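Here it is, the structure in full.
Order of writing sets the labels: A, B, C, D and E. Residues in every chain begin at 1.
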Amino acid sequence: MTGGRDSHGGPGGPAHPGPLLRARHLTKRFTTRAGGPLGRKSVFTAVDSVDFEVFPHETLALVGESGSGKSTTARLVAKLMKPTDGTLEFAGRDVTHARGPDLARFRNEVQVVFQDPFSSLNPRHTVARILTAPLVYQGLPVPGGRRAFAGELMERVGLDPDHMHRYPAQFSGGQAQRIGIARALAVGPKLVICDEAVSALDVSVQAQVMDLLVRLQRESGFSYLFIAHDLAVVRRISHRVAVMKQGVIVESGPSAEIFERPRDPYTRALLAAIPRIDPEWDRRRREGAGPGNTSTTPSYEELR
Amino acid sequence: SPGAEPATGGIVQVLEKPDFSHLDPARGFDGGVNNFYRLIYRTLTTRAAAGPHSSGTKIVADLATDTGRPSDNNKTWAFTLKKGLFFENGSPITSRDVKFGVERAWDPDAGIGSPYAKQVIAAPADYQGPYRSGDLDTIETPDDRTVVFHLKRSYPQFASVAAQPNFTPFPKGTGAKAAFDREPIASGPYRVASYRRGSALKLVRNKHWKRSSDPVRTARPDGFVWTFGLDAATIDERLISGQGKDINAIGPKVQPATISRLRTPQLKQRTLTGVTGCTTYMSLNTTKGPLRDVRVRQAIEYAVNKQTTVDALGGSALATAATSIEPPSIPGRDATDVYPSKDGTGDPAAARRLLARAGFAKGFTLTVDTRAAATEQAVAVAIQQGLKRVGITVKINTIDTSTFYEVIGTPSQQHDAALTGWCPDWPGGTTFLPPLFDGRTISAKGNSVLSMLDDKKIQKRIDEIAAMRDETAQNAAYGKLDAQIMKLAPIVPLNYTKNVVVVGSNIAGAHPSISYSGGIDLVGIGLADPKK
Amino acid sequence: MLRYVAGRLAWVLVILLAVCVFTYVIFFQLSPDPAVMICGKTCTQERIETIRTSLGLDRPFFQQLGDFLRGIVAGRDYGAGANLVHCPAPCLGYSFQSGQSVWEMVQQRLPVSVTVAVGAAVLWLLFGILFGLLSGVKEGTWWDRATMALALGGSSIPPYVLALALQYLLVVKLRVLPFPAAVPFAEDPAVWFQSYLMPWTVLAVGYACLYARLTRANVIDTLAENFMRTARAKGLGPVLILRRHALRPALTPIVTIFGMDFAGLLGGALITETVFGLNGVGKMASDAIAKNDQPVIMAVTLLAAFFVVVGNVVVDLLYTALDPRVRITAS
Amino acid sequence: MTDSPPHRAGSDDSAQLLAVEGLTVTFPTTRGPVDVVRDNTFALRQGETLGIVGESGSGKSMTALAVMGLLPRTARTSGSIRFQGTELLGRPDAELRRLRGNVMSMVFQDPLSSLNPYYTVGLQIAEVYRCHRGGSRRAARRMAIEALGRVGIPAPAERVDRYPHQFSGGQRQRIMIATALICEPALLIADEPTTALDVTVQSQILDLLAELKRQTGTGMLFITHDLAVIASIAQRVLVMRDGRQLEYADTERVFSAPRHPYTRMLLESIPRIDDEPAAPGLPYGPGGRTAPAPARPAPAQEDAR
Amino acid sequence: MATTTLHEAQQELPPGPPGAAPPGGTGRRVLRALLHDIGAVLSTAFLALIVLMALCAPLISALTGHGPDTFDSAAVDNDLGGLPKGSLGGISGDHWLGVEPQNGRDILARIAYGARISLLIAVSATALTTVIGVVLGLLAGFYGRWVDQAISRLMDFLMAFPALIFMIAVLSALPAGNRPLLLVIVLSAFGWPYLARVVRGQTLTLTGREFVEAARASGAGSRALIFSEILPNLRSTIIVMTTLAVPGYIGTEAGLSFLGVGVTPPTASWGQMIASSVSWYQVDPMYFVIPGTFLFGTVLALTVVGDRLRHALDAGEAS
């Protein structure tokens, strides 16, 4: 499904060259065997002929049922997994079978934040090394030296730069997740694939990180493929949303449209299931804080 | 005591390192297996049994009634078989069986043992043994008990040749396809009951052997059991500790490290020392570099410290420094040392003088081929240290044991010098000096004249001595020739080795025999108390 | 899967063939002439030639190799006339030294080697893994330090020394064991066990030390994994946690080594067999080397190669079966 | 879920399940010991759910692990943890073992690394049951399939024999939950159990937990960042920051009248689905993307919000 | 020693400038941890002593007046098979560590000279084996497909040969030349597949791990993936295999020297000393005990240093 483009940011802008990323009929089938290597073979289609585009400066959110193939799609888009079928275009180039320098360029421009924070960090590397690794791997200079660079990145995502020489296992889940985000930002990519990148963060840190992401988008023009379950987060950050179910994109469109006028029953079910805080409590709190006086809410920085 | 008269009965255990090379007497030919052959095979003549009063070197009649009757200037030898001789299957031993046994020496497959029959007995050039070429006309069997050999040339020591293992009789036609290596046909007091190659061999009595027909073999025990494949240190350990059946056991030469353990009275009593009759020597390749100069070779003779080579072999208990090529066990030997020094420690001053005269005052480098075995390497290092005293640098070239003799026996491959030894096939100069110094026999492969000495005078003398009729005079002449050769310094005799063995406490009748490299003569051995 | 196994087995054949050719070149072409050795000390050129002819050494190299290979597959004839011998398949030739059929020799000796190897393997797996596991779990304690120092000592002692020392202690001094001998099991199980005990021990010590250290290192690594915490959170007993959750990840690399070691031993434990005078394949090999008995060397090499190569196939299969993650990446 | 009657602090009508007092967790680091949990005190009754919220890295997981007795070996713990009236701290591991997985169980935060990659998920679920309740392999397997089905894994009978890496993030998380629930524990510690789940599955899981609570009176320590979830299932809330307890009160009180400014800030930061998108005007327009992205993002100067 | 260099190699990213290095910098921290560990300090001291001894072997000879090859017939009893005179294998003021039986060579001098050969051969063979084994194992495990096929089949082929038999065959066929070098080459040629197979197996597992995938997504080339991501996770196995390889190679060298294809006599090597002392173990136990102690001490020291190093590195990452 290509989905209709909405007014804000359609390819109509003359300076705009077209989609940054275009996935066509992306399909992934897994072959599994039950009960050992000699077991019965079964084929499972995790991603089924999925089409979508991500435009420059745009955030496409991918939401959907757990196990619907979002992470698999992310892996396919990041070229970490060979698609069974379909093509992938990046900045106008077909990168489905990119190798060598083409692939290196692609890697420079596309970064990934993984869903599972600890598993995606090398247990034998210090944070400093993890954070500088993308630059080192891509043969780029580390601006300001390793320490300063890593320290700054850590600060940006709200981590204590003093912990730079710790190993992943010494961090909490949310901290590890932020290390993953910081790593993705290290090289200044064009597209960042965020697979549940903020799910393990408390709301204030989450807000800080999302602000960072948005600011980067504004300043440096990042695009995001943003996978999340928290629809409020999705609503806040995304321009367009694609809803996945059982390997298929069931609905996609501009964020506002999806949230306000969901068409697919599954989307509707999703929106309906969002847990909400008793509005009465909210009201009472606001009142307690004094009418119109929001300044009693301390900023994150103040609390530190 | 091990020298006492053994009782009848019991089983003698023999602990051994490697298995026998061949049970087929036409194929096997070394001290160990020759000793064993006498238990199951009989030959026309044989050596007397070693004993308290016998060194075990005298040739005596065995199957034959006497040690042979020569005629035609020692070129024709006739033997008559005793009466009442049988194979293990009960069939009588005839002169044709003897002839057939000897003929097998010409078979290209089987005849790899003692070379003397082929060397001495006349035969057509293309004769290839009984299996391929049939009968050999030069061995006649006029009747069942007479066999007559026609020789190529006069050979006064043919009685010794007739004692070689390949003069064992076999029923005509048997023994093809190496059958005897598996199932020998016994003519001696024992027969092979079972044989697992590499692990065990069992001998039991041969019922058809008549004690009356055999003055040499006492055959006291009821049988023998060989255990092969044991580790040298383990054998020493077993014999010393003497547990269980090991009190009835004998074994090979002990390791040098064991010598110092044999000091207790009980062990001293169980320790036997025999002379191997062999000389360890270093050959000097007279065709190479500085060694072409006889003075250089003589200098080396002086420079070597023979005493340290003795130490390397295990000290005074296992070897003595050599003074001449022939070891003391050879009749007619002349003991005078051509290059005398105190205790055989060498005379570096004399060596330096000779070297200076030859123009090698600064020394040179000498490459010595050595077998890859601990003792040989130790000897090589000892020589290295000795020659270092006069400025000669020795480079030790270690050669894998399995190929050592082939390499040094190939003149194109051997280096300046080689460390090896020689044992005579029977006591006398005949099988000692000519094989080592007759330059006419130098061959491109399998050469035994390692010194490459090609001296006409010596060759002439060898021929003269070979032509002598009287064996004693012959041996005396060889003794003189020994000194004559030594003046040319083609080899450096290093030491005469000894064989020290420990026997089980119940072993009796054990006497070392020079004929079998100082090993205990098996024909006289037995147990003191068979019931133990 | 089946295709994979078939492919690997085909490779086994290819590798064995390559080993065959290589061994043939090294031992029959580069090494000195066996005929001269057989010929003995008083030897003539023509005798050497005759021996060469009868051994077939005078023929062109490829013909010899071809004959050899054909012999393995289909059997072959040796000699001519009255001396003609038919050697049925699998024919590995006849020993230059003893004239015995090499195949028979192998058949006789293999049981001894297998007994030695299996017994030792049981011992070293048992002790190596047990001690490694305990040390890994008790990392840093005195027990760990002591065990690991012991393991180092064990791997620094040459087996030869250990063998003699054990023999001196247990057999000569304490007299609790007999001198080792290759007693068949059927003859007397008790004596069989007693006489193999020392060879097993000596052979096992070195391996046990290596395995203990490896197991320890892997166990320590595994214990640091998050899933070990899960296992504890489940309230599983320490034995079950170790046996199931720690051992399998820790032992997968050891399976690789074990396959190689064990297969290598089936080709004969050279030193142990020699020291204890056990007439196994290893002893046969060392004797053959000492005498340059090429057909025997060839056979031992092929035998050892066969076990090792097949062992490697088994290990690879086991590995994929043991570690489910490998399957997807290896395919 | 919100309709379950909130427990009042100090009411004695139901048994005290867990009482934590002055819990402090210290890690030795290269720069000296660091307290990651400081003097934490809270209690939990049967059938009650205590929600723990707080800043990332504030020691929530460490508190949970301390209760389970599963802190890393290097950690030092002090204070008191009483479970069903008995002190857990200092109890020999063998005794704790009988409790773990059986009467108290835990869902870990990082599901992939918390599952053993060498075994099928079926075995990993079943082994808890067999360890504590015994029974045949078959029966345990059936239990595992059933448990998988209950947490909403499609085709459980087929997937029971798969390995962890073959599941999606949310599925792994549900496998962890299934494992923790199989023995119907008295105390369930859930460390961000639903972060990887979409809201439909999440509500399904929350229903499941509520059901369990109703049936067996399970007490729950529920760690999450999703305040809406807390609001809907927890009777009491503990707010943590920097290892310290900032606030500990009834849910309603915390949400309607937070005492600590941090709590208030947290509540203000909750993204709301009905909010206007934060980044409405897209920054790209003509010439929007001229300068290349800097290799290093500039340090944060101000709160962008 | 081999393990030390291995670790230094793994520290691929150089630590910051010395002045600016943080107190928690890996290099410093590890060094500090090692200095605080008495075992590590003692072991390093012992290794340094051995190296010093090897380097100063001629000095030691000059000091004691005994070269490594000089015979001393007076020190052994010719009539007792060459047993050293005096107790404890002839230890005396003249011969500090006693003499060899049969020829009376000074054991101290031979130990010192032997250290040169043995350590040179064992350490370089270990280093070479480790490098080849680890690299090829990693490549095979990481790339799979034809690379794996090629490397694995080569390993199969090399491992198929009974190593000892073939070392003998190959070495005796090769020209004498530089023996220690040849030994190192041959030992390594037959030794690496053993390590490589283990490494390959573990690499197979690690390649599928998510952090490798993450590094790939960060733009890591295969080389970086293999050497910076996977290799550090193989540390434990490599350390164990490497430390145990040292005595193994010393033993093999001894065996080969004994069979005449190793170093040529009279060159001393520890292995050769141990091998020839074996038969004297009862009557002159010191002859075995002394070189044996040196070998054991060296291996122990190597392991302790390797172990402590790993520990110091791990100190940070243990959870």
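Please note the rule applied: a contact is a pair of C-beta atoms (placed from the backbone, for glycine too) under 8 Å apart; a residue touches a chain by one contact, two chains touch by 3 or more.
Here's who's who by UniProt: A = Putative ABC transporter ATP-binding protein; C = Binding-protein-dependent transport system inner membrane protein; D = Putative peptide ABC transporter ATP-binding protein; E = Oligopeptide transport integral membrane protein.
Please read these numbers as outputs of a predicted model, since none were measured by experiment.
The chains in contact with subunit D and with subunit E alike are A, C. Distance from the centre of subunit A peaks at B, each centre being the average of the chain's Cα atoms.
Ranked by C-beta contact pairs, the top interface belongs to chains A-D. With centres set at the average Cα position, the gap from subunit A to subunit E is 49 Å. Per-chain CA centroids place subunit B at a distance of 46 Å from subunit E.
Separating the CA-averaged centres of subunit B and subunit C is a span of 38 Å. With centres defined as mean CA coordinates, subunit B is found 90 Å away from subunit A.
In subunit D, the positions touching at least two other chains are 30-31, 72, 110, 112-113, 165.
Of all residues in subunit B, those that touch two or more other chains are 233, 400-401, 403. Within subunit E, residues 24, 29, 168, 172, 208-210, 278, 282, 316-319 each touch two or more of the remaining chains.
Contacts from subunit C toward subunit E in the complex involve residues 11, 14-16, 18-19, 22-23, 26-27, 30-31, 148-149, 152-153, 155-158, 160-161, 164-165, 168, 209-210, 213-214, 217-218, 220-221, 224, 226, 252-253, 255-257, 260, 264, 267-268, 270-271, 285, 289, 297, 300-301, 304-305, 308-309, 312, 315, 319, 323, 325-326, 328-330.
Of all residues in subunit E, only 144, 152-153, 155-157, 159-162, 164-166, 168-170, 172-173, 194, 197-198, 200-202, 204-205, 207-209, 236-237, 239-241, 243-244, 247-248, 251, 254-255, 274-275, 278, 281-282, 288, 292, 295-296, 299-300, 303, 307, 317-319 touch subunit C in the complex they form.
On subunit C, the positions that touch subunit D within their shared complex are 225-227, 229-238, 240, 244-245, 248-249, 252, 322-325, 328. Those residues of subunit E that touch subunit A in the complex are listed here as 13, 16, 20, 22, 24-26, 29, 209-211, 213-221, 224, 228-229, 232-233, 235, 316-319. Taken in their complex, subunit B has these residues touching subunit E: 232-233, 255-261, 263, 307-308, 310-312, 314-318, 370-374, 377-378, 380-382, 384-385, 395-401, 403.
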